[in-house]
Every structure is written in structure tokens, then in C-alpha cells.
Amino acid sequence: MSATLEKGLNAFKEVIDTPIASYFSSCVHCGLCAEACLFYNETGDPKYTPIHKLEPLRRVWKQEYTLLGKLGKMLGLSKPVTDEELTEWEPLVYDSCSMCGRCSLVCPVGNDITYMIRKMREGMSASGHAPEDMKGATKRAIEIGSPMGIKWPAVQAQIKHVQAETDIEVPVDKQGADYLVLMSSMEIINFPEYLSAISRIFKQAGVSWTLAPDAFEATNSGIQIGASDLAREIVSRIVVAAERLKVKCVISPECGHAFTAIRWEGPNLMGKPFGFEVKHILEVLDELHAAGKLKTRGKDKRPLTYHDPCQIARRGGVVEQPRRLLGEVAEDFREMPDAGVMNWCCGGGGGVSANSRAEPLRLEVFKVKKRQIESTGVHTLITACANCRIVMEEGLEHYHMKVEVLGLTELLAEYLVEGE
Amino acid sequence: MNHLDLLTFARGSALNWALIIFVAGTVLRFFEIFGLSRKTDLARPRTDSPGSGWRTMLTRSIPPQGMLKREPVTYIAGYVFHLGLFLAIFFFAPHIEFFRSITGLSWFALPSALVDASVVAAIVALAVLLAHRLNNPVKRMLSGFGDYLAWTVTLLPLLTGYMAYHHLMFEYTLMLSLHIFSVELLLVLLPFTKLFHTFSVFVSRWYNGDFFGRKGVAS
Amino acid sequence: MKPKQMMDTSPGTVGEGLRQRGVTRREFLKFCTAMTGMLALPPSMAKVMAEAISKARRQSVIWLSFQECTGCTESITRSHSPTLETLIFDLISLDYHHTLQAASGAAAEHAREQAMKDNDGKYLLIVDGSIPMGNAGYSCIAGISNYDMLVETAKGAAAIVAVGTCATYGGIPKANPNPTGAVSVADIIKDKPIINVPGCPPIPVVMTGVLTHFLTFGSIPELDALGRPKAFYGETIHDRCYRRPFYDQGKFAETFDDEAARKGWCLFKLGCKGPVTYNACATTKWNEGTSFPIESGHGCIGCSEPNFWDAGPLYKALSMPVSATGSMLGAAAAAGAAAGVAVTWYNRSTKAQAKAAHAKVTVQELTREEK
């Protein structure tokens, strides 16, 4: 079996719903979405206009779901969506869109363009028009369990390392634990500080938690490539494990789209509400902090700023929590311009960082982050998404900027007062 | 046909058909949009959200942070145009009589001189917006026949209304007929072009606000 | 030279008229001498002028009345300058008019025929009332249909003055459903100059003013596209209305005799058709300049315009639809809903089919098979 244009067009027809119909009906071609998009802003190329990226989907809507469009189609007056067109649109939909959501906040008629890109990707992937690298990552995620090909033994090795470092046991497969902790491949490979930080913080706060060998991976390539069938398969692993272990809450780690996948798309993919809660690690830490269970001493004297990961802040609603937490451990916290829900994407979300073809573009559009960071004058950047972290490290190096990037959880753990 | 007969036709059967197509077309388009339905969101929404569909319906009219500076022409000319058009349609005494005749409702009118000024502002704004659409690379790329048609059928009622009121160019009765015909053209095309945003904007904004509101963001 | 011989007082001449009014020969010659001087003619022309004027025949006028209400005649009797008396006794020879003539029956028709013969090519034909084309029997005079009499009498006329909206445009008989098949003079006569003097009725001095123009200059005044003299029909009531400042300020009476009406505010909302009506009512007014409808508190009904009876309800403002109603739109909404239900049913089945045709995506199916 293979992907076909028909499957793609079919998927387009499946995903068009009332919101999408209202969005396409309302678009007045004002072009303001382009002004919000980092890809347009940093390149000046009008083809990166967000609503333009949706043109094939719009035509399917018009031709299938409007009376006038249907008449036009019958009379042979409409332009059908072809393979060539989808090939031309592939880089627009995948390379130059991180599903960051800025356009959705800016459109004067209220179009949620990001939502539509996500839906359009269903048709793009079903017709075989997704970037090769992303297909590979998805294949690994489905077949191996993680897009970077990491298996449980690799995690176990990290666990051993962390246990040795912290002298705290990392619970695995603990029935009835309050929290099921997930990690992203990026954290497992590049930032093991996360796991050790979690261990120490939870020990101090007296939080009962566990890892699961069959559900350690939080990322979801299916969401990024836009194939719900695959996204469902990936997220179901977490749901199955959470139900098996009878946890109260699943914690999404420092990763952007993982939060979207499990918190917001998960129940809809599974077709039923969850019997457990889902929280981002920042939310959990903030709750612990509010309850007085997060004890820190001293403050970081370095001037630092915070980058809002798109899926966590703008598309996830976790905006104030990191700031409250940073208030505890930072002496000189500086907000970058446009901080909060209007912050600029690192450029690597939505699968862009997994797409090697998109690398030159991604590095070019990093200029906006460069300007934001430079305007604060800091050399330390805090964030709460491992993908943002790696993308920004690459960008900072590309522009020869001497800025260190840290995860928020890891920073908190540095100032943790233990043994009290 | 003499000018009064033309006017009687414009106010008579031409208007009847234009209104019928407008109303039926609008209802049909709403069915086309809502008929597709939206899957129930099974994810637990945040309970203390600052955002909601109803809120965004209104607040989306305010330019988001940083955007006014980036695109002042689109925002300012856009507002001037919309406000001028709104005042002209709904607050000019003869137009209120039109609405009263069909719905029975009426409301206070603005002084005609004020409406006159807002029409001038609206026309100037439309001219600015056209120039911008032709010169701005993003807008030019996005624009097609539908956009220029919409611009034209929106300009004509403003222009002909102004000309009728001020007795410009053509004989008054004829000018008045042209004004009414231009409105009828607009009515007939509105449901089937991007001009439908007149109504659908409230729906799209609501869904936007609802989506973000569930996640705890006021969009 | 005896002044006696300088005034020709044969019947039907200006000289006779002057004598009847008691103008002496001496006074008449003085007038002609003065006139000669004013026109910078040689003094000897005074005699020539006196002779010519006194000999001049009074203009023969034949007035035909068809499907009319006699309102135009009623109106012309109210003319104050010139008065009707001055007109018919001094300036014209009204050779045929149903209401004003003394004769009746065959004698009246004979007078008409005689005038036509005596003044062939020179008489002025005035017509009021519309002409029925549905059936000649709807309106006949002495057994002659209106159509036949009009065609016959128009043949030898110098010009035709159609007086009143019925003669000029069909008027009230022509109003929907036009049971008599009424048409205007200009619909029938195509080969004679026609001056349209519409109004229901026309203003008295407008009618006499048009006649005076013809008598003085012997020519047709400048006419607009609808054949009306621009001197009287050149501008709309609205443009000359004394209440115009209130229109411009947006001050309107809402109902008859409300506070605003008593203050004399604009009657636009009460259906005034002033903006689309061309007539002299706002300047010349009626009853020797006493008033006109708007000044008396009633909106203009547009009576000097073609088909004004069918131009929408009299009390609906110009900006209101002629016939659209809320219930009509309710029906339109229902029709739209019916179409919407059908379209929705179709759309949903398209979507359901797409769902049914959904091929589960596997990692293999992310790739296109090489053909």
C-alpha cells in the first residue's frame, strides 16, 4: 500500500469542519498573518504568508463544501488540486511553518491558521508529501518507540547515571504513583540534567512518581507530520501505561509539541476523555512552589531571560508559571521584547528541526531570536522545551553569540535546598 | 425609460430580488458553515481561562501587540473605512427609514454633515487600501479577481451615495437609482464572496477564542 | 394723418381688443412711438408698428379635453398674472374649450372646425386629459374618438401644449392597471412640436406663462428631456424648498402634526418626493404665491413626473422600498434554510464518505510507491 493523491484529497475532505469553513469564508486577504510569521518577517518572501500555505486545502473546501464551488467544479470552471501543487506546497507547509500560532493570534477576522495547517498536514502526509526526514523520524517513533531511535536500555543507562549522581532511586513501573513522568528523546540524549533535577525536586517535595518502560517517550512525530492514525498509536502507549499504573497525573516534560500531543490532542485521538490529568512540568513545579514544597536558597546572579516555547505558552496556556518560578531563583530576570503569548518561535517547532532540508531557512529566521536576546543584553537564556533548547543553541552558534541556554527545571534544581 | 420609472424599478422589484438573494444566500452560507459541525473536544479545558469565544469576538478588533507599528496602513485605513461605512449605512436618517420599513425598528440618526464626512473618509481609506493592496508584496500575491471585485462593489455605494447627496455629475433621480442599484449589486454578491466576512467574522473569531480559551490563553 | 386710421379694430385683431379695453388711438400711437424709440428704430417705424400690431390677429387657441378631470382648467382660471380674462379677451382667441365656451353641441364642433380652417398651420392646440387606446368608446366627443380628434386637430396646429400630467404622461388613467389603455399626447403625435406642462394640476401661472412665452416670441421655450419648459421645470422641489436646511441638518417630522411638523421641519420621512420632482411649486407656489403642499405640511407627491401614481406609496420615504416587507424576507430566509438543509445533507454525506474511505495511515503509507 502506498500514499496516493486520492488518500490525501480524501483526508482534506475529512478534516474540514465548521471552524475551517468559517475561517476560509472570513479571510479577506489582508496579509496581516504574514507580518506575524517569523518566516515571512525574516526572509521578506511573500510565499511564506501563512494563509497562502493553505491554498490547496482552501480549494478543496470551496469545491467540495460550498454550493457555488460545487457548481463551478461541475461546470469545469475550478482548478483541481494536483500532485504537482502539493509537491510545491510541501516546503511551505512543513519547512516554513513551525505551527507556532502567532498568525492565529493576529488575524483580524480570527482565523486559526495554525489549526488549519495541522489539519492540512493530514492530507499532505496521506498523499506522501511530507519531508523525508520527518517520515524517517515517524517511522522510528512507531517502530522503535522514539524518533531518535532510543530504546529503553538507553534510558536505563541514563537512570543508572542519574541515580549515581543524585543518590536517589528513580522509580520505574510503580503502581499507584501520583505522577507518570515522561521524557523527550532530546532530554534523554542531550539533557539528562532534567531527570536528575526531577529526582531531586520530587524527593524534596515528597512527590510520588514513576517512569514507565513502555511509555517513556513524550514526543509525537505523528502530530508533527500530521498523521492522526500514527499520532494516535504513539500517544496510546502513554495512555495505556498511565491506566495500567493507575496514576493520577501524567507529566509532560520540557518539550513543546509533546504537551500539545498528550494534553490537548490526546483525548481526541483516543476518542475518549482521560481518566487522569495531564500537566506540564512547569505547572507541577508551580503548584509545588505555591504549596511551599519547593524550597530554594539563593538566587542566580546572572542576568537572564526566558524564551516562551510556542506549544507551552501560546498554544498551551503555561505563561505565568515559569515567571513565578524564575522569580524565586533569579536576581536579574529580564523579559525580552514580545515576551509571553506573543513571543517569537525558535524556528524549530512543528517538525522543522527534524527536517534537514529546512535547516538553512531555520537558521536564517533565527535572526528574530538573536535580536530579542541581544536587546536584553543577557548571556543566559532559560527555556522549558528541549527542542527549543537545541535549536537555539545551534542558532546562537551560527551567529557566534556567547549565550548559554538552560532548562528551567535544571536551573531550579541548582538552587534546591535538600535534606530539609 | 425615464428616470423616475428607473427609480421605481430600483426601489421596487430590483430591490425585492436583491434582498431575497441576500437573505437566502446568507442563510444558505451559514448552513454551509455550521452544517459541517465540529467534533467535541474531549480534552479537559482549563477552568480559570481569561479567554473565550465571546471575548475574542470583540477583542480581535484591537491590533495585537506590535502589529500596529508593523502594518499601520492596513489597520488605520481598515478601521477608518469600516467605521465610515458603518456610520453611513446605519446612522444616516434616510437609511434608518429603510430599515424601519422592513424591520419596524429605528434609532437615532447622526447629523447628515457628520455622515457626509465619514463617507469621504471611507472613500479615501478605500483608495489608500487599494493602493496598498497593489503595492504591498504580500497583499498583491494574495489578491485576485475576487478582491478587486469586492473593492469595487464596496466603493460604488459610497461613491454614488455621496454623488447623489451632493448632486454631482448625473441628474439627481438617475443618480439615486444608480446608488440603489449599486447597493443591490453589493447585496447580491455579499454572501458569495469574501464580503461574507461581514457575518462570518463573528463565527471565526468565536472559534478562535474558544480554541485558545480552553487552553487558558485570551486570544 | 388721422390717428383713427392707425388702429385696425376688425374683430379678432389686437386692435379690436385694445378698443374694447378702452385704449384710445392716441394712447396706442404714443405706445408705438415709445417702443420704436426703445428699439432704436427710425421714427417713421412708429406708424408701421402701429399698423402691424393693430392688424395682428389674436392667437387662435383650440383646447381639446380628453380623459381629464377638468382640474387643469380649474387651475388655469386661478392664474393671476396674466389672468384668464386677460388671456382670453385680450391676448388669444380661445376658439374651442368645453368648459369655458358658450356654445355646445354641433355649434361648438363647428366653431372648432372653422377655427382650424381659418388659422390653418397657425393655431395653438392645447390638450388636457389622456387618450384611451383600449377602446375608442371609453371617451368620445360628438361621436369622435379622442384619438381621431387629436390626430385630426393636430394636423394644422403650429404647436401643441399638453397640459396636466394626463396629457403629458398618461396621468391617473394610466396608473396601474391602466384599464382604458391611456396614453399621452406625445405617444400619438410625433410630427409636431409638443410642450409638456405637467402637474396634477399644473401651477396656474406656469400654464399661462408658457402660453405668454409662445405669444410673445412665437417660439417654443427651451425644454428638458421630458419636454417640459426648463424655466418652470428646470429644478427639483427639493433644491428650491425652503425647508431644505432641515433636510441637510437631518431634522425631520416623524408624523403629521407632531412637534417637528409644527416647527416646519423636513417632510422626507412622511414620503415627500421633492428630491425627484421637477416643478416650480417651491418658488412660484400656488394661489398667487400663497403656499404649496410642503409649506402646508404635506409632502410633495411628485405630480409633475411620469407615472408618479405607480412610483411607490405616497407616504413611504424615497429611501424605503416600494414593496419589500419583513415577511418577504422571512420567506427568503426560509428558502435559504431549505436550500441550506439540502446542502448540509449533501456536505455531510461527502464528509461521511471521506471518513468511510479513510485508509489508515501506516509508516509505509507515508511514502509514495515508485511506479
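Chains here go by letter, A, B and C, matching the order in which they are written, and residues are numbered from 1 within each.
Definition applied: a contact is a pair of C-beta atoms (placed from the backbone, for glycine too) under 8 Å apart; a residue touches a chain by one contact, two chains touch by 3 or more.
Just so you know, these numbers come straight off a predicted model, no measurement behind them.
Relative to subunit B, the most remote chain by averaged C-alpha coordinates is C.
Judged by contacting C-beta pairs, the busier of the interfaces B-C and A-C is B-C. For the pair subunit A and subunit B, the distance between mean C-alpha positions equals 38 Å. Separation between the centroids of subunit B and subunit C, computed from CA atoms only, is 42 Å.
Averaged C-alpha coordinates put the centre of subunit A at 79 Å from the centre of subunit C.
Taken residue by residue, subunit A touches two or more other chains at 16, 65, 67, whereas all remaining positions touch fewer. The set of subunit B residues that touch two or more partner chains comprises 28, 32, 34-37. Listed for subunit C are residues 339, 343, 347, 351, each touching two or more other chains.
Within the complex formed with subunit B, the subunit A residues making contact are 16-23, 25-32, 34-36, 40, 44, 46-47, 49, 51-52, 65-68, 104-112, 115, 263-268, 270-274, 277, 313-319, 338, 341-342.
Note for the complex: subunit C touches subunit A at residues 339, 343, 347, 350-351, 354-355, 357-369.
Residues 2-5, 7-8, 11-13, 15-16, 19-28, 30-32, 34-37, 93-95, 97-98, 100-104, 109-113, 167, 172-173, 176 of subunit B are the ones touching subunit C in the complex. Of all the residues in subunit A, the ones that touch subunit C in their complex are 1-4, 7, 10-11, 13-14, 16, 64-65, 67, 125-128, 130, 135, 138-139, 142-143, 225, 227-230. Here subunit B touches subunit A in the complex through residues 28-29, 32-39, 41-44, 46, 49, 56-57, 60-61, 64-67, 70-71, 74, 78, 133, 136-143, 147, 192, 194, 196-197, 200-201, 203-209, 211-212, 214-217, 219, going by the rule given at the top.
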